[in-house]
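Take a look at the structures listed below.
Next come two complexes built around subunit A: one with subunit B, the other with subunit C.
So, the complex of A and B:
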């Protein structure tokens, strides 16, 4: 990946972890009893009793991050009521036996999940609930998602589904009980088979805007035909072919005046006016002064050099286009938006001195696109994991994000 | 028989009895909570779920015992034991019948208030010893709450003391046997004092609706955040002990203790205590949690002035009408 101008943030190589699966733990008291002579029958009975206690009071630590968490809550609610099997949900890992990973785990979350897992006392088990926890599902090629928690946790039971319904989770708990029973008897327990993954490919259904879509075609023909039954309303919807509609630039009068003062005479009709980089900060300052007090958004996009790029001007050089939008507060709110173009070498001055909300917005654009805002007080990553070393929304970032090396 | 041996045997008997009753109390709460949330509660382990509490204990006994590396080992390990011991110490002065009473102290009411107040120390030890910010915050809240509610608790307990003219719990019960239960006459003092006592006792035991010390949405699990296995179990047990014994104390001070027709006194005591426990659980599962400032406002703005008024009124009642 050629991301030469971005400095590596924090990238310590992740060390190889050995994960204790929890099968080797024996309580010291239990060991003493085992070694007392003549207690074979007694210990066997005691062992059964202990296993009975262990399997009937499995307290859950809910690692619920997304929609599976809702189904998890439903499992604890009145319809299924997992408390029937003696399951209590404890908020602290120290008092839990089973970690239920319910939801997508991102690369940023994964170290935290592992930390919580390590804080749980032995014996402990893990249930991967739902497609995302099992395999990452359709997020699994995304640069920010862990493709399955079994990459860093010893998963005992997989509960497939998207999301699995409460009964499925309860069945997963019962399978876990069965597994523990057999494990404690010393039987050889075959690890649960990971559910087969669907091969998710690009769906062959034509898009709505696709003119080759049959229903769309017939609909358009119907609208443009000279059918005498066409009512006035439907006729008004028909755009006459060949005539491009003329659109007036939608710019508030005060914003237009301000642009005129800054020397931007012609306003584009297809997007925000593009401001010279030197006037960017001045414009923001004056906009705030005339009442545009709230920053709505900052959105940056990255454009590689046009040479060799399909449908692009060959003279175009690599640059960023960054759009800003601010608005007035109150009734009849007016929005002003503008954009700047900047070469990777040109510093874009930060707005965080003028709009406090620009701080995190700019951090986000830095994180995903790699725009380095000059003068920003704290330009760190805000969304991706700390050890990420690329900006995934740049054009050169590969779409197949198995290349994302920090995963 | 040796006096000490007798005392030891007797105390052991009481403790075993209360511990056994805890299993039933635990079952009651779990089933009641389930019913109030239109669930069923434990019913797979056995049809009625009676074996759930033993299974929980067996499981807790098997869990790994984790002491955080930077924790204060002594405080961390002794806090749960102390908590359970202090909770059960209050039971010593409660007369379960005319003959079953551990130590019929002349200052019985003072003793049970003092023993209850010591209950703050294990909480503080657990919070400080865990070396965990959530535990410490939980302990801080618990102490603020307990110390504040100590005041209305003492004021409410003073009402029966003034009305009966004795601090001996057995004499308070005997007085109610000979006259009226304090909740019946004078009801305008007995009922408010009883309500005040129960509210303060609920707050002292740190459970819903006064459970801000272990508000799981803010503080993970409060003081028990770092506790695993049976150490957590002891804290849990102490809470239930607290509920049961507070109910027994309230029954003795206001509901006539072991007084009642037809059946032997001890059965009346058990029935009243259990009735109080059920009432507490009913409150616990139908109310929501107070905010910290609401809790303090309730105590200092309403309960303490009410308590003072009640104490003065009982003194006047004894002088002019008693």
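So, the complex of A and C:
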């Protein structure tokens, strides 16, 4: 995935917004020179000089958000050293000519990216680096990701890859220089569409319809089949029914003793023991007292009506199950975990008074799953924007809902 | 005064925002905001089959993809009660240790960049660190074909075997890195300016760090002797003795100190793993015709491993189908960042940059 085989694609004319990208750019001084009698002969040479200057000192504003940002750093660092092309990385948009969008842009980030782009002085160009910036990659259908920055920025060069190699970004820069040179000469920069290239997208090798192979359709059916006994090989990977995995590391002896004191006699085999909501804080306090000092995680899950753990009381109605895990420190570190069940209207008492780290964890679970924690000091959204209206990890929320304005 | 710091700022290590309430140059209150890189990974995981998840989690902590994959597949293996062959376990540990070196090199390099002009233009250490980091990326490229986002861990073992002569290449690279470590020491830990910028800056108390769930070098720099490689061994760590680096001070200097010490320890461990690499299969020997059909029986589990940034955990709720019902990733960086409101007040704005850099957060896994 990281090795990009296709060369960077030079974009056609900007489609979303008409932006002056160099063709019409004239410095005020240039205009004065142009209007001065006797100097018109020199302007062609001056034009060349400006083109030379523009293309050999393209300063980059790195809009580096994620993995591509690391490859961008590698491009700027010792081995590839993009400095030798006259490219200097500037951390402020006001001193940059090229914005390299390296990484996933989320709906929360997109307005900021646009604002930064608008702060860049003309002439300016944009490179979309990596699959996420080009199309959103595999996040493209999800609720929080913008499916490609060309939905709101005029992209000049696309550098494919996940992430693109430093060499690929270098190539992209060279293609941009070439594009600017041609643009300044007034040439058409829309690449010529070669018919033989279009053919590549058609399946040229009839692999799956080969009679010696199973047809594509039957392959699809096999994939979507829910029957666990389709092949012997897959069956070998699945633990036979009735033999649920033991969760020995989750329930250490001292924790079991504590559970016994609280009246939890039988330990479930399909997850952490479920504690009544009223005893939840008491258990946490006692665990901390016997050495479980570190908060590990809080994981809430949403169970619609009719779903839930087997043998649990509230399996039939819609509820949340919130699991907590804490850990002992030092040699032989153990994890203790327990869960509580809560109806959607039922608030769960916050753990943040006992473990300070529960603050952010509970905010996250509130934001994504929708669990309400009572007594929490600051129960705001943490991942989504403040004005978001849904809790995306609830089961009814679709996994392929495009991000709102880009839907 | 209210100062917005980020979300696009070269020293926020990605996209992260803080509202700093200032009195002159002193921070009175800090309110962090994250979620600018929230890519909905946990929702995506509910949609995909188990074997399709390794390339997804690669992108969470994009500075150490190897350990991301490991934490994920180990949770699946625990639920399936799969025995991983010894060679695969050793390979995983070797990859994890190499990745730790690469990740800490990046952490030291970018931290020095954060400290800015004080360190010989700031970018000197960064450029040096990246030079050595490339050596490790080359090694991984030899094995998996990718510089990062490897997708080499599978349920029950590894996908790519080590190529012939790879062990010698690893040792050569380790020799180069080890020889250059004193150089880094001179440029950072022994540098008077570096010490002035980092000593007694951003002191984090050990008890608070535990409560916040901070793990990894940040916890060990606060004097807590805790490392899952030694305390809850997994993969091949039960067969080797891991020396844990601990510092007492809890400041930015201590955190850098621990990272440099861990690079040294990882180099030692890598040599052990290369020398003792057992022969044998690299996968559990149960090749599936349709791996995408791997089903995990009903149940829940939690598996945590020690990544370069701390305990990366996977809480898996399986409902017997091919997709996880709920997959919660426990990111160490999120917990590290939650310390900011506690340690920033009383420091100056320039120290805020140093403190944030010293925590070494990776936004990809903070926001997921």
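FYI, the second predicted complex is superposed on the first by the 287 of 407 C-alpha atoms of A that agree within 3 Å, B and C clash if a C-alpha of one lies under 4 Å from a C-alpha of the other, contacts with A are read in each partner's own complex, and residues count from 1 in each chain.
As a convention for this text, a contact is a pair of C-beta atoms (placed from the backbone, for glycine too) under 8 Å apart; a residue touches a chain by one contact, two chains touch by 3 or more.
In this text the structure is predicted, and so the values were computed from the model without any measurement.
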Query = Looking at the overlay, what does A:275 touch: subunit B (first), subunit C (second), both, or neither?
reply = neither
Ask   = Between subunit B (first) and subunit C (second), which, if any, makes contact with A:71: first, second, both or neither?
value = second
Key: Touch count on subunit A, higher of subunit B and subunit C   = C
Query = So, A:129: does it touch subunit B (first), subunit C (second), both, or neither?
reply = neither
Query = Should A:322 be classified as contacting the first partner (subunit B), the second (subunit C), both, or neither?
reply = neither
Task = Check the residue A:139 against both partner chains and state whether it touches subunit B (first), subunit C (second), both, or neither.
result = second
Inquiry  = Going by the contact rule set out at the top, does A:56 touch subunit B (first), subunit C (second), both, or neither?
reply    = first
Query = In the superposed arrangement, does A:104 touch subunit B (first), subunit C (second), both or neither?
reply = second
Ask   = In the superposed arrangement, which partner chain does A:368 touch: subunit B (first), subunit C (second), both, or neither?
value = second
Query = First (subunit B), second (subunit C), both or neither: which does A:360 touch?
reply = second
Key: Shared subunit A surface residues [contacts with subunit B and with subunit C]   = 77-78, 91
Inquiry  = If we count contacts the way the header does, which residues on subunit A are in touch with subunit C in the complex?
reply    = 1-3, 62-67, 69-71, 73-74, 77-79, 91, 103-104, 106, 108-109, 112-113, 116, 138-139, 142-145, 162-163, 165, 222-223, 225-226, 228, 230-231, 233-234, 236-239, 241, 244-245, 247, 250, 269-272, 293-297, 299, 301, 307, 310, 323, 325, 327, 329-335, 337, 355-357, 359-361, 364, 368, 381-385, 392-393, 397, 399-400
Ask   = Within the complex, which stretch of subunit B touches subunit A?
value = 30, 34, 37-45, 51-52, 54-66, 216, 220-221, 224-229, 232
Ask   = Touching subunit B in the complex: which residues of subunit A?
value = 25, 27, 29-30, 49-50, 52-54, 56-58, 77-78, 81, 83-86, 90-92, 94-95, 97, 119, 121-123
Inquiry  = Help me check something: in the complex, which residues belonging to subunit C touch subunit A?
reply    = 7-10, 14-15, 34-40, 42-44, 46-47, 55-56, 59, 62-63, 78-82, 106, 110, 126-128, 130-131, 133-134, 137, 145-149, 151, 155-156, 207-208, 210-215, 224-226, 228, 230-232, 286-290, 292-302, 304, 311, 313, 315, 317, 319, 321, 325-326, 328, 330, 334-335, 337-338, 342, 363-364, 367
